[in-house]
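Presented sequentially are two complexes of chain A, the first with chain B as partner and the second with chain C.
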Partner chain A sequence: MKSESRKQALRYFFQRVVDPLGYKFSPDSELVEFCLEQEVLLERRYGVPFCPCKRITESRSDNMKIVCPCIPFNREHFDAMKRCWCGLFVRKEVTDPDSLMQVPASALKKG
Partner chain B sequence: MLVEVAKVTEIVPGGIKDAAVNGKKIVLCNFNNAFYALERKCSHRGASFDTGTLDGYILTCPLHFAQFDVRTGEALSGPVPPDAKHPTADLATYPVTVEGESIFISV
Partner chain C sequence: MAEKRIRVYALSTCPWCRKAKQFFKDHNILVEEIDFDLCEKKKQQEALADMKRYGGGDQFPFVIIGEDSVEGFNPQEYCNLLGIQK
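Take a look at the complex of A and B:
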């Protein structure tokens, strides 16, 4: 199976999920290619395209919350950052993804 | 040899229909009003695609969710969970011709 074809298929599926949530693929195409490549590898190993930025644990319920796109499980946090953990997805209004900062979830709760 | 297998109106966009021609079991798919014919048996464990799902150009096996590109027959992903003992190969495809309201395939 070719990685490139699977990446295109993941793009197709993800686009339909994130669009109604107000997100889009990052304009940083190099980052998008890299993240999707990692997800293809994770999918081959685990059968599921997990978020490449998060640790897979022995807890199935926790793992299911990091299946890409994990926006619904981290909505408040991602909306505040205007991006997901990896930067694979950004809010639709974002044009300069490099300007976005990662913010720890703990900082959001305090603020 | 061209064989009529269905009418255009029998398969709506996003639809799947099974057919059999000269002993070959085939699944017909309508992606954006273009028709594609593939072997009906999943290359992983032999499940029949007529109860699978077609999402855009991606055909998903009903048994273990292996996915294929209906335009080319290319295997896009293997089963869930991964199954190293039974590799997932590309599917055979058959040329499709539409004439008037009829769909023909060449087998």
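Take a look at the complex of A and C:
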């Protein structure tokens, strides 16, 4: 399958998964295009569209937690940031994704 | 200004890692860029050990500035640690 059509397929599938979780694609279309392109590459390499910003390990169970969309495995962390780690998805109420920072979960716990 | 040793651990697939690298280029600061996913296994093990020593290793970008580390793209924190006025 060509890259563009696979990207569209992932976009369609992801939309249906993240919508009930209260998330949507980022309004930053350039970022969305880039992330989806990388996920198509990762899917070709590993057979799975992993998060492009997380380390793939040798542990299958750990890796399953970074399959995009990885929101269910990071709910508290992502809800606090109002975005996922790579920024592909943001909370539905977000209109200005540039205002949202990557904050490690450890920093959020410290308050 | 930037006399501290700086390592930028990145993934070639990560858009925020590209922004982090660009930040240091824009400020003419010499850094060691390590694309973790493009490294050979031995180099990955060394990189992972280095990141873990500073509390990271799972999420990118991960930047080590001197004895401090920053997980995620955070230009304000880079400036703070390097004494750069924004």
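The criterion applied here is as follows: the second predicted complex is superposed on the first by the 111 of 111 C-alpha atoms of A that agree within 3 Å, B and C clash if a C-alpha of one lies under 4 Å from a C-alpha of the other, contacts with A are read in each partner's own complex, and residues count from 1 in each chain.
Heads up, the rule we're going with is that contacts are C-beta pairs under 8 Å (C-beta built on N, C-alpha and C of every residue); 3 or more make two chains touch, one makes a residue touch a chain.
Please read all numbers here as calculations on a predicted model, not as lab measurements.
J.: Based on the superposition on chain A, does the combination of chain B and chain C result in a clash or a fit?
T.: On the shared chain A, the partners fit.
J.: In the overlaid three-chain picture, which partner chain does A:13 touch, first (chain B) or second (chain C), both, or neither?
T.: The answer is first: A:13 touches chain B but not chain C.
J.: Is the number of chain A residues in contact higher for chain B or for chain C?
T.: The partner making contact with more of chain A's residues is C.
J.: After the superposition on A, what does A:73 contact: first (chain B), second (chain C), both or neither?
T.: neither
J.: If we overlay the two complexes on their shared chain A, which of chain B and chain C does A:103 touch? Say first, second, both or neither.
T.: It touches chain C, and chain B stays clear.
J.: Can A:47 be said to touch chain B (first), chain C (second), both, or neither?
T.: Touch partner of A:47: chain B, not chain C.
J.: Between the C-alpha centres of chain B and chain C, what angle is found at the C-alpha centre of chain A, to the nearest 10 degrees?
T.: 140
J.: Between chain B and chain C, what is the tightest CA to CA spacing in Å in the combined model?
T.: In the combined three-chain model, chain B comes within 19 Å of chain C at the C-alpha level.
J.: Under the contact rule defined above, give the chain A residues that sit at the interface with chain B and also at the interface with chain C.
T.: Shared contact residues on chain A: none.
J.: In the complex, go through chain A and note every residue touching chain C.
T.: 31, 34-35, 38, 41-42, 52-56, 85-87, 101-104, 106-107
J.: Per the contact definition, I'd like the list of chain A residues that touch chain B in the complex.
T.: Its residues touching chain B are 1-2, 5-6, 9, 12-13, 43-48.
J.: Which part of chain C faces chain A closely enough to touch in the complex?
T.: 11, 13-17, 36-37, 48, 55, 57-60, 71-74
J.: Under the definition above, what is the set of chain B residues touching chain A in their complex?
T.: 55-58, 67, 69, 74-82, 88
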